[in-house]
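One structure below.
So that you can tell them apart, the chains are marked A, B and C in the order they are listed, and the count of residues begins at 1 in each.
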Amino acid sequence: MWRRLAANRLVLLGTVITVVIVTLGILAPWISPDDYAKQDLLSSLEPPLSKGHLLGTDQLGRDTLSRILHGIRLSIFVGFVITAISLFFGGLLGLAAGYYRGKVDTAISAVIDIFWGFPLILVAVLLVGALGPGLLALMLAVGLINWAGFARVMRGEVLALREREFVEAARALGINDLRIMWRHVLPHAVPATLVLGSYYVALAIIFEAGFSFIGMGVQPPNPSLGQMIGEARNYMLVDSWLMTIPGVTIAVLVIALNLLGDGLRDIFDPRLKDN
Amino acid sequence: MTSRDRAESGPDSLIDLRGLSVELRMRKRTVHAVNAVSLSLAKEETLGLVGESGSGKTMTALAIMGLLPAPFGKVVAGEVIFDGKDLTALSDSELRKIRGNQISMVFQEPMTSLDPLFTIGSQIVEAIRAHRDLGRQEAKELAVSMLERVHIPSPRQRFDSYPHELSGGMRQRAMIATALILQPELLLADEPTTALDVTVQAQILDLIAELKSELRMGVLLITHNLAVVREVANRVAVMYAGEIVEIAPTERLFEDPRHPYTQGLILSIPTSRRVSHLHVIPGRPPDLTRLATGCPFAPRCPYVTNRCESEHPRLEPVSGADGHSFRCWNPQAFSRA
Amino acid sequence: MIGFILKRLLYTIVVMFIASVAIFYALRVAPGDPVNAILNPTAMEQARAALRARLGLDLPIWEQYFVYVKHIFQGDTGESLLTGKTIPHVLATYGLRSLVLAGTALLIAYAIAIPLGVLAAVRRNSIWDQAAMFFANLGMGIPSFWLALLLILLFGATLHWLPIEGSGDLRHLILPASVLSVESLAVTMRLMRSSMLEQLGQDYVRTLRAKGVRGRRIIWVHVVRNALIPIISLTGLRIGWLIGYAVIVETVFRWPGLGYELVDSVIRRDYPVAQGLSLLLTLAVLSANFLANMAYAVVDPRLRKG
């Protein structure tokens, strides 16, 4: 399996970059040169490669590198944690709907359909209206919408697998339903959900960035890559680095994640790969 | 090329395959799908090409049409002589003029072989207008009369039907109509009845036979089913591992098969007498990524000798029998057990 | 067919109902109310209370909801608490603008992505294919607002070619629509390519070649039409997504559309406007999905019967 991943160089690149960035983000508190909130108005808007600040400083004199690292940390947190949670709950419901079918399926599918159609931005804006801007509203919104996607995919996979002979055989042997689901159905259904997961992580990261950019997401002084771009907007003409660096970071991370998702898809379902 | 082959390819020949070899070159391996096949089809003759899947029969037909799967399918040796030209040497645009026009092909799966978004009538008209300069109305009339000729009821209404609205048998009739609308000289039929119900199979075969004599075509009928071939073919060629292992006029093949594989195939046909114990050819189909040094059938042959495993047998004519050749070092007499 | 339409209609009504309740509650649950935005901050508490009572904001939330629904059935959809403009007017103005923006973006995306997708598939693994895929990947990763800022920097500030904020004429539309189209373009191109590749391997293509049909006709008349089916079915989702995602682009370019106004109305707690816009957005997404399903049935004859 690893050999197939390595075969496509682009995918390999994506995976490596993702791993590197994620690691940087996790280690951020330990490897940041400065406290990301520490202001130093005397050395504000320094360009990159100036003394003591590898990537320069922002308008309040805060070290850009530290803020980037912590921003990455936040993005990863939002992306992976939320996706993991919605994958778990969505997957569970999708599994139940697909396996048991009948009334259970109709009920769950109805709920899925309702959430599936909702525009994410609307839910997010309303939650901000209700809970105030910040991470909680954002993560709740993303979670509320994404679980439906996972549920759908899981349900589809399970429905297809259910018809396969080995499931019929297991049931004929009288094996406990839960055991069948766990040992036989789930391992085959999970790959497709994982592929979707990687795309959703990327989506969550971009969404957080955009939302923070317009000021409804993460609030200062907590660093968010999107928020950094938002703040940098006012200084765009004076110091374009401030805007460019976080933007490039987001772009690289998201593209890498998409490539990783492509790679996962190629591994798990070579049929889908264009032949 | 033996003297036999040369004599076969006389002026009567509709199409002539000479030493045709096809390879499928993929990234990690090369499949030798067709190995030095030589065949002749006379005008208005039905030749049955029989073999199990993977024997190379479909590839042979595709090679004739120039429809080998791109980019890995290639003709690596031999010629296909038709209408005084070598088809393997023609460019794709030259071949395009021949396809559907002088040589047509019908495929196995009528459902997936037709574009689901277009009516069957429009697909026949498309075949017409690809080669003839006819107005839409004229082409439509031609198509409708062809639909009638293939015995599709209410042809004028059916003209506007979509493929999914027709039964399997009717779809195959529509495909035949499309293939024969321009009255080609040669029809390549690749397993035309395999995907159909048994009752419909006979109808389709009858249809092909009927149209063949009406249009005075030659037919290359490809199938794995010997029983089918017995009904309609004048001659039968048996393929194994990409080669022709035996070729003979139909009745002769069934009465006096020489090659052990042919014998095995004939014995495998269930008859009312042999219901209790079905004959089976032991072993598995050959691996075509490696050309066998000896006879490709050796691993499965009940009469194999040392010579069979080391020397590749040549196609030899049967003395006293016209048009019957086979390749085997150790033929045994055929006994219907 | 009829059954399908009815089912969809029922579904839409249910979702709209749930949405209206959820929206209503969400807006009122948080602290702060529109009074502060309407009145002068130094106004007396009495004036505030009086205004609240007049607007019916002192009732418990569920009661407010019933009043709201009652008004709607009486034909009174309310007006903006801030500007006083009637809600239908608000919806029409902002909604139309967003529609123009999203529609243009989609047009741009499809006009570029579909031919490129076909080209990439037909000339597989060529330099065109690889370049197209590279740009598609890029397009999916670049955050739109960042791209917007880059373009503003380039075209607006440095080159002074295009205006960078507000709406008005076609020139104002170009940058925001282009930025908005990027993600859709990338996704559509990838999808078109893989759809084409899938179709090219189908049996009917072999039959077409066997009939002697010209290659160009095979591709553009048959394969492309079959390959477009998944794209068409996805268009509905795309439009819904675009209308929503346009918020960010609208904010950057200060394009006064639905998203922009929605965010603003939520912040200033202009309940009627926020509710109206939210419901409009929900309805738009639902309609887009519905239309996509219908289009699917129109295009693919296999789905027409039953």
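Heads up, the rule we're going with is that contacts are C-beta pairs under 8 Å (C-beta built on N, C-alpha and C of every residue); 3 or more make two chains touch, one makes a residue touch a chain.
Please read all numbers here as calculations on a predicted model, not as lab measurements.
If the chains shown are joined wherever they touch, the resulting network is a simple chain of contacts running from one end to the other without closing.
Chain centre most remote from that of chain A: B (centre = mean of CA atoms). Note: centroid distance chain A to chain B, computed from Cα atoms, is 55 Å. Note: centroid distance chain A to chain C, computed from Cα atoms, is 22 Å.
Of all residues in chain A, none touches 2 or more other chains.
Residues of chain A touching chain C in their complex: 113-114, 117-122, 125-132, 202, 206, 209-211, 213-214, 216, 226, 229, 233, 236-237, 240, 243, 246-247, 250-256, 258-259, 272, 274-275. Within the complex formed with chain A, the chain C residues making contact are 11, 14-15, 18-19, 22-23, 25-27, 29-30, 121, 124, 137-138, 140-146, 149-150, 152-153, 157, 193-194, 197-198, 201, 240-241, 243-245, 247-248, 251-252, 259, 262-263, 266-267, 269, 274, 278, 281-282, 285-286, 289.
Within the complex formed with chain C, the residues of chain B that make contact are 65, 67, 92, 96-101, 104-105, 107, 109, 112-118, 126-127, 130-131, 162, 164-165, 175, 178-179.
Interface of chain C with chain B (complex): residues 202-204, 206-215, 222, 225-226, 299-302, 305.
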